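What follows is a single structure, and I will ask about it in a moment.
Labels for the chains are A, B, C and D, by order of writing; each one numbers its residues from 1.
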Amino acid sequence: MAEKSQKKSPLSDVKGHIGALSTGFKYLIDPHRITLDYPAEVMELPSNYRGFFRLIDEKCIGCSLCEIVCPSNAIVMTQLPVAQPAQDATRPPPKFKKRPLVDWGMCIFCYFCVDVCPTEAFEPSQVHDISYFKESDYRPTFDAFLKLPESPFKGSKKVVPKVDEKKGIRYEEKVNKN
Amino acid sequence: MSSEQLEKLSGLLGGTAKVAYNERSNLIRIEVERGELRNVAVQLRDYGFDHCSSVTVVDYPKEDLMEVVWHLSSYSRSEVSRYTIGLVTSVSRSKPEVASLTDVWESALFLERETHEMFGVNFVGHPDLRPLLLPEELMGTWPLRKDYQLKKKREDVFKKGGASL
Amino acid sequence: MMDFLNLIPVTWLPLLESVFYALVFPGFIAILLLAFFIIWFERKAAARVQMRYGPLWVSKRTGGIAQLLADMIRFSFQEFIVPEGADLIPFVFLPGFLLAFSVLPTLFIPIGPYYSHIFPAGYTLLLSVAFTLVIPVYLVVLGWAADNKFSFIGALREAYLLISYEVPFILAIASAFLLYGTLNLVEVVTIQERSLPGIILNPVAALVFLIAVIRATGRVPYDIVEADSELVFGPYVEYSSLMFGFVMGVPYIELYSYSLLFSVLFLGGWAPITGVGFLGGLIIPGIVTFVKAVIVMCALVFLRGVYPRYKLDKAVRAGWSWVFYLALIALLLSAFMSRVL
Amino acid sequence: MTQEIKTIPFTYEALSQLKMSEGVLELQIGPAHAGSGHMRIVAWVEGDTVVKVDPDIGFVHRGVEKLSEDRIYIKAIPMVERPSLVDTVNANLGYVMALERLLGIEPPPRAQYIRVITAEISRIMSHLYGIAIYGIFMGSSTVFMWAMADREPFIDLLQELTGARITYSHIIPGGVRWDLPKDFAENAEIALKYLENRTKDYEKVWINNPVVVARSMGVGKLSAEGAIRLGVVGPNLRASGVKYDIRKEEPYAAYEEFDFEVPTFKEGDSYSRLLQRVEEIKQSIHIIRQALKRLPDGKIIYEDYYKRMSPLMKKIYDEKGRVKFTLMLTSLSPPKGEAVSRVEGGRGEMFYYLVSDGGKAPYRFRVVTPSFRNLPFFTHVMPGHKLADIPVIYGSIDYFPPEADR
């Protein structure tokens, strides 16, 4: 029902030109810049941002549910030897334990594994901009998987994106207390 | 769909077509013999189902048959635009051949082309059955059929000098 | 500084001044520096309109003004690929011709009253316009020589647009000539000093001149010849490395000579400031003309941030219809205004 | 003075028998071309007029239908989102609705409302992406940058909700995975107000820009009868005057509780398709506001599923509003049968056909995406126009190659 207005007259052309040029000029005078000076300013992401995660070895029970549910088959369960105590205790712990290992090259960060884990054994983080030089680094060893990678841009200025009525996204300087 | 509309529709199609109504998906499944296909299609179009939203094949290797399914719905008639019709006809796996319905629904043009290159169903009368999504060297392997295993087939593509995945 | 001048034997003076004129001030060095500025300004102005920063990281403190230097260095390290089917001689030499001929018009545009001591000022208006007309011919041959369908279509488009927009352009020049009654640009400026600058006397001619300039240099509403979403880069599709840098710089140099001509013809050249002698008669007024030309260039280049691209057949039809009628009106207006002057 | 474009022979046979006169140039506007996206448009051009166009697609074909056949049902959710990457929520919603119709479960009202809110935000982002591509194809990099930047507030909204920027995988059979954060309503209101006063700038610089009007009015005309016959979908259908929107014809996910109108235009040319998208953005804003006002509280996952959660999962759900996956979700095996679900995505009708044989993986999974249904625009509407009209029509139908190839 919303009828489209037919082009009325050359006058509407002139009005159109003036309107376009004046809007362009308005933005030339005071630009609403939305882009970040990326490595110098880094965006502070919300606490539930799906970034790299690590495995908490004590909580993991080796149920391999994460391997079953991973859509891109990025998680593989591996057999890991368990340190046998010196004297043979009454019930020696099992020789092997199954632990997941993730291939960051395949992972799509959908967090199916984090949500399926019955014992919350994955600890998420907001770090996402990690890249490695060697392709093999994308498959961390088990001890590397236990530690959270920290962002290479820790030193740069942190800004918090805020939705803003006039500018769309406004970045506020994050004053870190510590 | 109210029951008398269902009766009117199945009465309209003559006795041969088996009509089943899937209430949750607003889907009316009409199974038709291959011979009957064209005039049932023409009747459906005149009844109001003016475009084809999907053409596909469900492959049953065990019963050695392929079900070719046209899903139709209606833009123009608002009282039936809520429903989707699944026009189904079964075809033998050895010689899958069925009449093309592009002259009844022009919108089935690219859909039938894609189903042909994926399943190998020969749509008789289709104006332009060239491959659409797949490269030439995959014509004939009919990748979406059940007996096309994903892993094994990749080596054949390598041997024939296909694109290295 | 002044005594240094009379050290040189008098007979050499005109030669040195013309070399200075051609090579340093309005000539080659000024164009190179201006190209730095104008390309940077175009990208920065468009970036400001488009909510982003534009070139920045090349030289952070100066806001990325050395971007063109970085591009030139990158171009000079790339390999210059000559396609097999291309016609070798025109393909390789034409960009050089384009570059040379786009610089030539600045020779004939006076930027100060002292100009008549350096070059005969008699037919400067005709000569400067004549050289600007040669460039599109080279462009068409270049598009044909590259043996690529897209560059062939780009060349044809250039030919279409050339014809449909040169007629109103020449009419605008004719109406300026009719207005001032002389072909000598130095006299044109003196007339404007006495009365009003040309843009007020005959605004229609100024508008038609600007439209033709936008078309000739391919600024945004008229970048139909190198329309990237249809022809990737028009006639220059097959070029790479430094030749590509030249070819990309040619429209900006053309824009410089056109806006220099525009500032002399319609903005009263060095109107308020005039003087005598080399320094007072050439450098100081020259700077005024130069600044006016740069302002005109910035205005034309800013259009990239506002407009999409025009369509070929509509542009050609517009060229023959309302732009042509505007040019006729300009002619009548200047006929009337010359009575008043 | 728009000259009459000769009527285009609509039937495909007439097109394929078109005799190629000797002066025709075959242009490969190929996959690596500034104006083609990931597809090759083979255009036969005579002078400046396009005689015949043959789209050669499939360069980004992922084989979603084949891949889904040996993966458990839940794994298909991220895969279904990938082809229509700009309108992920609607793609995800379509697949999950088909799965729910097979399983016979219904999500609670709050989950339905959250689905509507995220679907409408995804529609706004999809329309903004369409306007951006339309802009850059017509040569205006300003509208491209503006439309892409104006998606940022909405991306930020859904990033607060789900934790990802675009690929949310937010909807699961029986409900949604995360509850709305506390300040979601205020932020959403700010983002909607921002977009509303941005439409004024768009109108000045883009919609009423004379060069845009000159370039797109009367180009790519498709009559209502032609649109129905070619089976085109979404805004392109409504811009030709066919009043058809699945949210009204076959309401799903709480759409019948909101009142919104379906805008249509008469001319069916590229200009009215652009205006159609702007009108639809306004309608989406209207829907989101109603949904946020009347958002019911309660569970975001269906009751039976909540009962099966372990105490740890219940604690996490109550505290953080995050749904953990129970075994029920990972070993879904719906009863034998078939289901069809249709969703009105940003670009048009997304069609899902799911056949299950009682096993853990779908027996046959058929996806038909809106861009695939808009292919006839290339073969039937583009011939007869000028070469410069190809990017205009291509941009106006909002064609997204990965979505068409699946």
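The criterion applied here is as follows: a residue touches a chain if its C-beta (ideal position, glycine included) is under 8 Å from a C-beta of that chain, and two chains touch if they have at least 3 such contacts.
From a predicted model like this one, the values you see are computed outputs, not experimental measurements.
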Required steps from chain A to chain D (each step between touching chains, minimum): 1
Touching chain A and also chain B, the following chains: D
Chain pair with the higher count of C-beta pairs in contact (C-D, B-D): B-D
Middle chain, criterion being Cα centroid separation: D
Longest centre-to-centre distance from chain D, chain (CA-based): C
Centre-to-centre distance between chain D and chain B (centres being mean Cα positions), rounded to whole Å: 24
Chain C-chain D separation of Cα centroids, rounded to whole Å: 46
Euclidean distance of C-alpha centroids - chain B vs chain C, Å: 62
Centre distance in Å when chain A and chain C are each reduced to the mean of their C-alpha atoms: 50
Numbers and ranges of chain D residues touching at least 2 other chains: 142, 149, 205, 209
Sequence positions of chain C contacting 2 or more other chains: 49, 51-52, 305-307
Contacts with two or more other chains, residues of chain A listed in rising order: 20, 23-24, 27, 34, 168
Overall pattern in which the protein chains touch one another (line/ring/star/complete/other): other
Interchain contacts, given as pairs of chains that touch: A-C, A-D, B-D, C-D
Interfacial residue positions of chain D with respect to chain C in the complex: 1, 25, 27, 29, 33-35, 45, 48, 135-143, 145-146, 149, 205, 209, 211-212, 214-215, 386-391
Sites on chain A touched by chain C in the complex: 10, 20-21, 23-25, 27-28, 31-35, 37, 168
Residues on chain C engaged by chain D in the complex (per definition of touch): 46, 49-52, 149-150, 153, 220-221, 223-224, 227-230, 232, 304-314, 317
Chain D partner contacts - residues on chain A that touch it in the complex: 1-4, 7, 12-13, 15-17, 19-20, 22-24, 27, 34, 45-46, 48-50, 65, 68-72, 108-112, 115-116, 118-120, 161, 163-169
Touching residues on chain D, where the partner in the complex is chain A: 71-72, 74-79, 142, 149-150, 152-153, 156-157, 159-160, 162-164, 167, 169, 177-178, 187, 190-191, 193-194, 197-198, 201, 204-205, 208-210, 213, 217, 261, 263-267, 271-272, 275, 279, 310, 312-313, 316, 322-325, 327, 329-330
